[in-house]
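Two complexes, one shared chain (chain A), two partners (chain B, chain C).
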Partner chain A sequence: MSALTLNRKTLRALLPLASLALVLAATFYAQPRTMSYFGLNLMLQYAVPIALATIAQMFIITVNDLDLSIGPFVGLVGCIGATYLHDTPALGILALLLCIGAYAAMAALIHLRNLPSIVVTLGASFIWLGIAVMILPSPGGKAPDWLKAIMALQVPLIPFPIIAALLIALLVHIGLMTSSYGVIMRGTGGNPRAMARAGWSELRTKMAMYALAGFFGVLSGLSLIGLTTSADAHIADRYTLYAIAGVILGGGEFVGGRVSPFGAVIGALTLTLAGSFLIFMRISPDWQIGAQGAILIIVLALRALISAGEARR
Partner chain B sequence: MSEPAVALTAIEKSFGAVRALAGVDLVLKPGECLGLVGHNGAGKSTLMHVLAGTLKADQGRLVIGTQDVSRQYSASNASAFGIRCVFQELSLCPNLTLAENVRIVHRALKGIGWKAKARRLIGEKLDEIFPGHGIDVDQEAGDLNIGQRQMAEIARAFTVTDEPLRVVILDEPTSSLDAVTARQLLTFMRQEVARGTSTILISHLLGDVLDYCDRIAVMKDGKVVAEKDARDFTRHSLVAAMGATTGKAGPGTAARRQISSALAIEATPLTATQTGKLSVRKGEIVGLAGLAGHGQTRMLIQIFDGARRHSAAFIAGDRQADGVFNLWSIGENVTVSALRHLRQGPLIRPEQEQGMARDWKQRIGIRTPDMNNNILTLSGGNQQKALFARALGSKADIVLMDDPMRGVDIGTKLEVYEMIRAEAEAGRSFVWYTTEIDELKHCDRAYIFRNGAIVAELQGHELSEDKVLHASFAESA
Partner chain C sequence: MTALWSKLRGQPWIWSFIAMIAVWLATIAFTGGQGAGEILTAALSFATFTIIIGLGQMMVITTGPGNVDLSIPATITLAGVVATKVMDTDNARLLIGIVAALGASFVVGLFNYGLIRLLRIPPIIATLSSSFLILSTAISYGRGIRIKPPPMLADFATTRILGVPLLAIFVLLLSIGMALLLKRTLYGRTVLAIGQNPRAARLAGLNVDLTRFATYLLSALLAGVTGIVLSGFSGGAALNMGEGFLLASIAVVVIGGTSVAGGRANVPGIWGAALFIYLLDTMLNTFGASAGIRLIMTGVIIITVITIAGGDRQQR
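Up next is the complex of A and B:
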């Protein structure tokens, strides 16, 4: 019996990796020329900002909340990066720190007023967008050179986006999954009452998690404009959906504090690749969101099947 | 006498109008095991929450060792003062491994190698208390069965890092343990007490309390009503101390009826293998009694699921969780069960809906100027009346009540008892789970539940507090 459970568990853990392999194989089949250092580099370069946004979303999901504002937030960071950070770095850094502080404040509001996170973050998304439009009314601005240099890094043998994504996953894994403080964070998602009884403040945990989400949102925005070299308030609107989908694709669950940083990054890679694959298949961009939704449904259905087998046991 | 490990003086705690603790004095000596018994709602769990720091007392003093901590005490420094609690509803995080769950209660477990330390702590303690437990400390708590979870939580409470271990509170610790592991725990508890740790054992297994405790305190209505050495109690005197009502005969007790009409319900609880059968006749009021959470609610749900559509109505006791629609008006909350009869074609006729709401405001006396106000503008008791109106306003023949009088004031209760009686006379059947023994006086018959099984059936004339308590507490152990 225990061998069987182990099997199911491994199966579930392997599902994100299997989906990635499948999409990768399909892409190579559709366009064999992508099977090269250069091809992978090109296809996956946008995986880095998406992976960072996904990690940000994962922190929020860990404490049983959902962030509907991460896309516009990344857009706002992009706008700040391409204007203040380029022109007056000190002011730019201050503005970005304020952004992270705003996320922590959002957590306090949600917790103290007992509001649903989706309502608060949906409202906040319009605030981020509004500020971004005020900073940069039309697409433009200039990304700082050091950002462009980092994102254009060439590493021998393995393309930079893959190394960056794995590094991000590893760091977050150490922090959230193996450190003693990560336990407190995940425990708050698993059983908030038990944590309160052990004397841990839920407010502080949530503020910390939101601040971390804000921090990774900032990294996402900066890496994005490092690639695009200029910014636009709407540059990352789709990231909200990508980020949620990435966490879930990677084996995370909406409630209960069960998340996986490696899974989330793999989920983000899968979604990025799926975008390229659909382009190779000549599917019109209008249908892309729908097609990505279909991929998500298939993977989730597979997961539900595995879980159902587990429950029948 | 040496100085006490913990002393509680005149502790009071109220939840709204309900006085859960009405001035409790309790002293616990070092190296002593105190048994705490009492019927449901006597205030045992509330008192333990106060001692564990998860609830703050409204009044009173709490002294730990020689230090008066009344002001600064909270859940976050309880363990620093050496007080641990195994709560009745378990408090492990299901998404964390056992080792990780140990980290949650020990602030000292951090830095490199914390996990190995945590693993060793819980592993050794489990081996010590429950030899042969077969639990893997790297398993997620959610993957363990309820008994293993309880063992893990008990072991966790006894682990020691840099904080002292002064008092361990065990609230119904054996409720999910089998006989062997329960014995292991109680034996370990005595060893631990011999080493100077104090324990408080709350249990409904009176045999365990009598055999394993040094002293027993009996709680009733938020007070300690008796406190003696365990050897001065017998099973009988203990039950008597728990139940001795001081001339509080239930008001408005109606004469009990012998009913021999047609059967309305016949059911056998699915929660146990060896159990009695439940049958309810038309127009009968049948009580479900016994200690809280022994299968009564599941019995009600089982009947509800088995009933034909629209032939049973359910009155929830947990209003917030499964009773009221928070965003709706009082009227809408009342009429929702009868909407099928208030329509014209596919649409609801508002004037009929309003009419029904007004009608019920009159009949059941909901205290509000306007039934169109939001349901949350009502007091708890009046919200409960609205739920009664919802059930009685439907065409259902069977009304299932899940301890519906929680937190309802006595005036409202009397009005509702009256209505139930009248409706029963008109031919409706009621199945009434109640945790208040007084309420059984309004039932024609009652079934006593224990561990998911029906263990006794009491006819109207037998429904005394003594009989119910005796049947509720296990004979064994």
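Up next is the complex of A and C:
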């Protein structure tokens, strides 16, 4: 453990924060008027649902799986939120609980039959979308007033989205990174066999992680319609991709249970800001998706460079 | 009969064909036997595209866990746009168009593997990120307007011989070629060996890197071929033409009996699975199901078939 290895490790940990700072600086440079309470509030509004979806994806990645259905799932939650939860709250809550249960059931299926998560979740994405289309065939519905009130909260000095994002990260950090059950969950991603030998049911852990992902997916959908005030089955299709990118940008590893809640939230903030930045730079809409892909590749390239140095030591 | 059945049951591809025949029978039972042949002909036409990309995806998935090509839909779109734009509805420019589209796909494959090998990005993330760049390139190059394919390409993609699409025959030959490539060549055997145990393959002196490189190239090129013929089939390239092929490309491989853990590939299963997926859609349409029900049923049935067929054969 030379000082330099430690340095590289710190460097790796700081990379997500550095990317956020860079994108933030670039945005301020491109549009100085965003450097205000109001500007940040407006730009980062959608960071809250994206951060929640990213955290959901992070739980799945922790146990070495990948969820390709989180976007349509968030859309489905939005549709339930804007219809049942608004009209008959009890029924709405029941439906949302069922959604979380469905995620846990998906975990059981994947684990018991040893199926690839990407195929099962890809199939599930059709189911979520189908149900959402049936609930809300065309865009509409009304978000419950309390949701709108929460999302429109004005906090003095620091914009609400920043406080909300940090709070989410802190809560998940305490649960996953510092609690003993969190260690078991991450351990299941690191070495499932060892954890099973130690007497921890992999099935239970996976179901718990998927249920948590479902729960955060529900929070994401609700916070999203709190902002948009109405819903649409396709409202969050892009979230699947945002969520994966957010986890990776935040320094999460794809396998081995190496994840970071703060990183994931920072990744989500970076992505949200990158979207605004691209608009301020007047980059043609054709290249918007491409530019996000490029940002992802650049960050991963930087990380590979740092890791390569680490390995050479 | 029982001996035949027990032999057939051991074949990984059998489930996809059983599912396909069941769905077909359900459809013609509903229509009272009407259009049984036409449905099959249409299924053969539409399934061919899924089969071509399925073959490429199969090779990628066979090289081991974590290997999957998510850039296939974007590559289809890019190849379709490049082909129709370069051909510019002119038969004489057919060849240049094909070369240009395949060239673009080649670059995609090169780029994908570069990300995976040089930057050590996991293939799922690498191909996902590159697919955004590819799609943006296609959007920016295509500029929206739908250009018709040259008549020769359109004819090739839509001609039928005795009810059998010419394209299906072409894809049958391609599939036989791929099966031979997999079973009889050094490249194919190496792909299987890497999927079973990359370390052992490397220690045995096989060229693992070159083989993986060739596999990602192959997948991109096959996606390119699909883009070209699909634009001929559907009267031009469209920016959403790759949509739906992501699930299809992975689903046909898995339903077809190829091991997701790598090391075991199955070409006939891809045919059964591709036909099954198309016939499933036809069946739900025939039953007059609403869009929502159709989506739900597609998801449920795909998960069910994978649960029945795909589960216990895999090992870690």
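The rule is short, and it goes like this: the second predicted complex is superposed on the first by the 311 of 313 C-alpha atoms of A that agree within 3 Å, B and C clash if a C-alpha of one lies under 4 Å from a C-alpha of the other, contacts with A are read in each partner's own complex, and residues count from 1 in each chain.
Rule of thumb we're sticking to: a contact is a pair of C-beta atoms (placed from the backbone, for glycine too) under 8 Å apart; a residue touches a chain by one contact, two chains touch by 3 or more.
Please read all numbers here as calculations on a predicted model, not as lab measurements.
K.L.:
Is A:G123 in contact with chain B, with chain C, with both, or with neither (first, second, both, neither)?
P.N.:
second
K.L.:
Now for A:W287: first (chain B), second (chain C), both, or neither, which partner does it touch?
P.N.:
second
K.L.:
Give one of first, second, both or neither to describe whether A:L66 is in contact with chain B, with chain C, with both, or with none.
P.N.:
In the superposed model, A:L66 contacts chain C only, not chain B.
K.L.:
Could you let me know whether more residues of chain A are touched by chain B or by chain C?
P.N.:
Of chain B and chain C, C contacts more residues of chain A.
K.L.:
Thinking of the overlay built on chain A, is A:L91 touched by chain B (first), by chain C (second), by both, or by neither?
P.N.:
Neither partner.
K.L.:
So in the superposed three-chain picture, is A:A21 touching just chain B, just chain C, both, or none of them (first/second/both/neither)?
P.N.:
After superposition on chain A, A:A21 lies in contact with neither partner.
K.L.:
In the superposed arrangement, which partner chain does A:W200 touch: chain B (first), chain C (second), both, or neither?
P.N.:
The first partner, chain B, only.
K.L.:
Which partner does A:I184 reach: the first (chain B), the second (chain C), both, or neither?
P.N.:
Touch status of A:I184: first partner only.
K.L.:
Which holds for A:V155: it touches chain B only (first), chain C only (second), both, or neither?
P.N.:
Neither chain B nor chain C is touched by A:V155.
K.L.:
Can you pull the chain A residues that chain B and chain C both touch?
P.N.:
none
K.L.:
Can you list the residues on chain B that touch chain A in the complex?
P.N.:
Listed in rising order, the residues are 52-54, 74-79, 85, 87, 91-96, 100-101, 103-105, 109-111, 114-115, 143.
K.L.:
Chain C touches which residues of chain A in the complex?
P.N.:
Answer in residue numbers: 66, 109, 113-116, 118-120, 122-127, 129-134, 137, 241, 244-245, 248, 254-255, 284, 286-294, 296-297, 300-301, 304, 307.
K.L.:
List the residues on chain A that touch chain B in their complex, please.
P.N.:
Interface residues on chain A, with respect to chain B: 5, 178, 180-181, 183-184, 186-187, 189-191, 193-201, 256-258.
K.L.:
If we count contacts the way the header does, which residues on chain C are in touch with chain A in the complex?
P.N.:
Those in contact with chain A are residues 66, 68, 115, 118-122, 124-125, 128-133, 135-137, 139-140, 246-247, 250-251, 254, 260, 290-300, 302-303, 306-307, 310-312, 314, 316.
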